[in-house]
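Letters A, B and C name the chains as they come in the text, with residue numbers starting at 1 for each one.
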Amino acid sequence: ETEAQAKAGGGLKVKTDDVSIKVGGRLMYDIDWFDDEAFTGNTGSGSDSELRRARIYVSGEFGDWKAKVQGDFKDDGSTKLGDAYLQYNGWDDLALTLGKHKEPFGLEEQTSSKDITAIERTMIINALAPGKNYGASLGSASNEFTWQFGVFDHGDEGGNIATGITGRMTFAPIITDDEVLHLGAGFRQSRLAGNVYKDGDQRLEVHTADEKVGSGTIMGESITAYNLELAYAAGPFHMQAEYFEGEVDGGGWTADTDIDGYYAQFGYVLTGESRPYSKGKFKRVTPKGSAGAWEVFGRLSHYAPGSDEADAYTLGLNYYANKAVRVGINYVNGDMNEGGVNKDGNALALRFQYVF
Amino acid sequence: ETEAQAKAGGGLKVKTDDVSIKVGGRLMYDIDWFDDEAFTGNTGSGSDSELRRARIYVSGEFGDWKAKVQGDFKDDGSTKLGDAYLQYNGWDDLALTLGKHKEPFGLEEQTSSKDITAIERTMIINALAPGKNYGASLGSASNEFTWQFGVFDHGDEGGNIATGITGRMTFAPIITDDEVLHLGAGFRQSRLAGNVYKDGDQRLEVHTADEKVGSGTIMGESITAYNLELAYAAGPFHMQAEYFEGEVDGGGWTADTDIDGYYAQFGYVLTGESRPYSKGKFKRVTPKGSAGAWEVFGRLSHYAPGSDEADAYTLGLNYYANKAVRVGINYVNGDMNEGGVNKDGNALALRFQYVF
Amino acid sequence: ETEAQAKAGGGLKVKTDDVSIKVGGRLMYDIDWFDDEAFTGNTGSGSDSELRRARIYVSGEFGDWKAKVQGDFKDDGSTKLGDAYLQYNGWDDLALTLGKHKEPFGLEEQTSSKDITAIERTMIINALAPGKNYGASLGSASNEFTWQFGVFDHGDEGGNIATGITGRMTFAPIITDDEVLHLGAGFRQSRLAGNVYKDGDQRLEVHTADEKVGSGTIMGESITAYNLELAYAAGPFHMQAEYFEGEVDGGGWTADTDIDGYYAQFGYVLTGESRPYSKGKFKRVTPKGSAGAWEVFGRLSHYAPGSDEADAYTLGLNYYANKAVRVGINYVNGDMNEGGVNKDGNALALRFQYVF
């Protein structure tokens, strides 16, 4: 029997007994205002607007296999792929994923951009989590316990694949309808194509800001990083924190560079809903009533690439109109010390999000 | 209850009581032949073919909100976004649109590229209407009266958004099943990112032509433009005309530049159908019978950027095979005076259009 | 009456009595390892992974017309169009296709990339078959007999379209449930935009290999090529072979360059299925049972651009998990003589394919 479905955040789907095919997407439109050296690089103010993410995907399932192709549209001519993978689920609880998918490292990174509490992820996650790359990973997920391990393509190193490995395990010792305690740990190591690590340079959690902290090109042969994850949610309250240690290995011919950092985030849903948790990740709040849900949160974030250092403090308010729509406003206070020079500043960011 | 729909020009849709998600697109394939200096820049002939528009979109509605993401594919590597906006319709008759959408200025610009009578819009519309940009607009539309006003991002000006404002009002003093009279007026003003206005340079209404009239870089600080719209349709007859006055403000450090122009278009549907009108815009003809609809039209267009000047005269025939398919053929006679040099020429353009 | 469908390899479709709209796509993820001069250009080894094809399409039918827009996503910023055409089927058995579509030349080229037996097509097909271009073609196809003839846009030649013509005829003297004998012939001729033919340079049938045989820029005014096709399938056995002769015409001002080659491929489906044939093309194997289908094949391929020469020998195994999923592994042994220098090497290629 054939069935058609339309779900906000879950796409348009047609499924038969064997096959299902789905189409969906997401849209995030941001407007940012910011002020002073930590955001503009000078003493003046700045502003910008952008389509932060505009994606269309087709996904499908047939038997033990599923797959997804997601186009990630950009107005600057850099339209490319988001997810583009196959997944085999025929070995009991194991999932084998092949193609472009998110490397398993970092709670905030594993949480979809649709579902993170703040508008932007933290500096240390953006610096150390490898994001989406070509590769193969194997994993398993139950409500209490998840693990995933993968091998990924990090570009070209003398004609061969610059290989990266990544792994993450999570455990939820408490998981009831009302309460969840999440613990996790991750590891990544990869060769550096071109002997350069490019993600050390980070904005202070406002995506259109002009200024970054850290050196754009950290020389080295490989990068290694570890992290620890802690999260707790009880009723309308939720918190999460992560600690990271990373090192770009200079391979003897140049100095090693440490990339360390952490963040802690605390949120409360004023309208009483809980932040959903499933299999090692959080989802965004779903409003119970037709008036939508309101959430407040705060976040502190520390980032230390080499001898530089930055802190960002975010206060935010989210309005979840329904399962499809979120409006978020974030105030960010940031300061950095780069090459011995102190810079600080303030920013206001606005996001309008629709998930098809 | 869930319902699936497929409509030519209206996409594939699945809707429930709350949510609807739609997928669709458009395809326009053109072949152009042209001759002489006004089109080729020399005394020879030219020809070209192109996929003028090839788009896929996903759109959705949930409660008071809707949104659309439209990919605009190009073979030259400049694939980007068409529409990419959210819209809130929860305040009575008001619509608040956020993201990338068409700025409200000019009847021919507001009319979708699927629905314009000629293959290309006129020179003056392409020169002065800002098209799709990032921004926010508020509007309201009834059958007799529409207004829309918006603030848009026109690029970067010293680290800040180069802001533009745009507004349009329309009124239909006559609107019956058989007859419509439309009056409209619009206004735009925007700062110029990089102190340059780039849309002064225009082809003579044949998109693949090599020659343009006007200076590619008009220096200035801001642009201001006004327009007046008049349209009338009675049974199979329809006409529309617009007059524009624009000025690039030199800001005292360089000269001001006027950009003026107008056009008038007259059409007749030989098979008796009317050109539909709704809420300040025209749509394309829908054939009543299975043999399709035939339409003839003529258009004169005048464009005067600075001290240059151009006229284009178009005669055209449209065949609407059904709601999805249109085939159009346009003959264009153009002449221009650029820097005191006269150039003229003739062109034939062919369009094949399918709307999913 | 409205009906929704989901078919693996056939997309998600909603159809009414008049209109049908479909959404689908394909994904191919490859990992390649290779060794020695014929693949790396040096005596070392190489490896790479890529998303070979990641596409999303929308297609539609209404009355005698149909159309398709297919986005072809690339991570290097070169996202563009695959198919983007309209088709008119209102003249008895004739089909008129307008827009971007595959030029009719070569059995292996006409066979969809989803359906070819090896991971990559042969060198001579990639060198001489024009692939997808803008143009118009007319054709007709019955089970026994097909023909297609087209005129295409091959770029700009002095402001005008550099025109190409292409034609193909096929005949199936034997076509029963169990057995098919296919004969075909094709022809192409086109002007060369910029007086250069760029497809002479070919990899030895491993797409991420670094080394190519042939000169990247063959000078000339036009290219002409002929081919002959032979294919036979009986029960689980199938074979196909093509022979090509091509010549880049130097136009008197430079030397003519021959581009010749051939290939022969033999396959056997171990699980007993047949390779389907329809209207001058093969499709991929559909497994009968839920355990999937297994296929072995061998291919020899010869390519001679100018005075250079290359041979590639492929042995491969395909696993068709279901109508959506194929996993292929190919071993390729290649050797070339380029400018009097001999190079050889070996490669292993892995493909994971999902068709929505």
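Things worth noting here:
Keep this in mind: a residue touches a chain if its C-beta (ideal position, glycine included) is under 8 Å from a C-beta of that chain, and two chains touch if they have at least 3 such contacts.
Keep in mind it's a predicted model, so treat the numbers as computed, not measured.
Although chain A and chain C share one sequence, what matters here is the overlap of their interface residues, and that overlap falls short of half of the numbers used.
Matching CA atoms, the turn from chain B to chain C amounts to 120°, rounded to the nearest 5. Note: centroid distance chain A to chain C, computed from Cα atoms, is 38 Å. Among the residues of chain B, those touching two or more other chains are numbered 3-4, 12-14, 23, 56, 71, 77, 79. Note for the complex: chain A touches chain C at residues 2-4, 12-16, 18-23, 56-60, 62-65, 67-69, 71, 77-81, 84-86, 98-100, 134-135, 153, 156, 158-161. Those residues of chain B that touch chain C in the complex are listed here as 3-8, 11-14, 23-27, 29, 40, 42, 44-51, 54-56, 71, 73-77, 79, 210, 290, 321-325, 352-354, 356.
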